[in-house]
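Think of it as A, B and C in the order they're written, each chain with its own count starting at 1.
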């Protein structure tokens, strides 16, 4: 079973109620970063946290809807990137399923996986929307220099995008993990239904929806 | 005799990963139409009693259940909470976490439960109007739930349960976060519901209120039932005096060395103090 | 604070009255078409249609206010970078010292900026004329699960509350001496003390809310009640299909050599 088991849908009411909270944390993360004038987006902390707590579906759906709501209210350009947020939630959920957030090597792996998903996923969208730019001034300066220096646009676009994702996702993953371990054990256990594998003893009868 | 509303038979329950049972050896039979007050110090297991009757323990919390909890003829293990919600309602302490959080108007919030139950639209409208009337929030129908005060919000939460037409209503310290006016309003609604035949189980720590309202009181201590009976009977027992406390009237009578049975309500208290000691 | 996130503006225009699905399909199709059509003229035609609809809906002024702040920096970045560095560049437009600016890059940047403008305008047009609750209701009537409907509606309510709380926490922490201004490392260090209390307090309520929802029968497998009906018409149904089919048709046309 392995990885597929992480994706088995086990949505109980608790998991459903957690999703809007994660969406709000995504928004708050971004708002607080802008309030502090940090040069980062930090808009997927809730997505990663939700995935670690309650699995890839909770994280993925939180990411997806975070972007949908952003695009309908403050930033329509977020819409195409919804798919990336979904993928980040899935990636964090896979890491969480294997308990990567509990060891140092695992945390590094989780971080690298999320950076790769975000940067590789966003590059084709940037090429389609922005001719390869990312819309972040520093990244776009790198892009301009590289293209001018004869690099292929797709590679320049990737480096442009990754230059933003590398610091952004580092803080995102660190904050999400710190919050995760800041929660009471009992609270984390409430969400643990999704980790159960098929052959374990009968789980507490979770209210299903 | 008609079917009892709530029956606990040798019930014990421990939360997931908890070392001890939160309640043990609970035997309780509540007839349809009764209004039972449950009281006791912190950690007496009062809230757990409500969660067990609703089925949230064990369905929501996991944990280990011994014995049998039967509500309206169905054992709790055999029915999910969402199915139970057709007949049984549970009002929590905190009014803010009880609103669905998904509705923008008070009347839409009241309609949430009936909608989940698949009630026909015309019927929903009738029930929503009636429930809002009953708790006195009709004037707030078009407001946003989060613009309401705590007391109004708790009445909204109660209306939301009433719109589902419960036969049994469980209340876990429904007024602990309300001001006196809000509290009085809730109790007035409950008195009306009791008259109309709904079974009410209410956790409450204000003993005077309990004695005034409830014909029957269950006193709990450390997860067990200590006493069960009419208020005067319960609060005239030594062990209850020691471990649960007394309504102020009973305490006064006791310090005035009035003989048992001592009064538990204001009206009886007045009479007791007027009667010359023979 | 009630519904503080929605851009919806009351109105009685054709767009306000249209079925949410018609508007949704229109928005998605128009955006897709803006990126599929091959030349500047086609994009301008789409932009013109959008402009007319914006005027019909009576939201021109508000649209300019929100869209300009978003689009201007993007357009500037695109024009600056592409005119300077695009592989297609060879016709010099002007040169300032060593910095050479090219015509091809300018043209490419202008097209990209126009396409993004169409995306932004079409989306805002939809948001200005459609109540969020109507979108979820319309989708649920077409089979979106009530759980997902709940998630979206609830998120729309929780986000403004959480942002409010973020503001209050920021004030409280600042008054306790947390430095939220100054050098970048200083500001970065303030991030966690601001986020932690916010996140913990919003997570704590979830358990009770989940219980309260179950007590109200949330998740019972019943046939969902339509909360209200939307006016629909044959014209709208045909429009929806036509718009939805226009997208694959345009893709096929492009593949067959539409230039």
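Brief remarks on what is shown
Just so we're on the same page, a residue touches a chain if its C-beta (ideal position, glycine included) is under 8 Å from a C-beta of that chain, and two chains touch if they have at least 3 such contacts.
Just so it is clear, the model here is predicted, and its values are computed rather than measured.
The most distant chain from subunit A is B, comparing centres defined as mean Cα coordinates. Each of A-B and A-C has its own count of C-beta contacts, and the greater count is at A-C.
Distance between subunit B and subunit C, defined via averaged C-alpha coordinates, is recorded as 46 Å.
Remark: subunit A and subunit B have CA centroids separated by 43 Å (rounded to whole angstrom). Per-chain CA centroids place subunit A at a distance of 19 Å from subunit C.
The set of subunit A residues touching two or more other chains comprises 13-14, 20, 207-208. Residues of subunit B in contact with at least two other chains: 60, 81-82, 101. Chain contacts: subunit C has residues 150, 154, 157-158, 161, 205, 209-210, 213-214, 218-219 touching two or more partner chains.
By the touch criterion stated above, subunit B contacts subunit C in their complex at residues 54, 56, 60, 81-83, 85-86, 89-90, 92, 94, 96-104, 108, 111-121, 124, 144, 146-147, 157, 160-161, 164. Within the complex formed with subunit B, the residues of subunit C that make contact are 1-3, 133, 146, 149-150, 153-154, 157-158, 161, 205, 208-220, 222-227.
Note for the complex: subunit C touches subunit A at residues 5-7, 35, 70, 74, 77-78, 80-82, 84-87, 108-109, 112, 115-116, 119-120, 122-124, 126-127, 132, 147-148, 150-152, 154-159, 161-163, 165-166, 170, 180, 184, 187-188, 190-192, 194-196, 198-200, 202-207, 209-210, 213-214, 218-219.
Residues 16-17, 58-63, 80-82, 101 of subunit B are the ones that touch subunit A when the two sit in their complex. On the side of subunit A, the complex with subunit B involves touching residues 13-14, 20, 186, 189, 203-205, 207-208.
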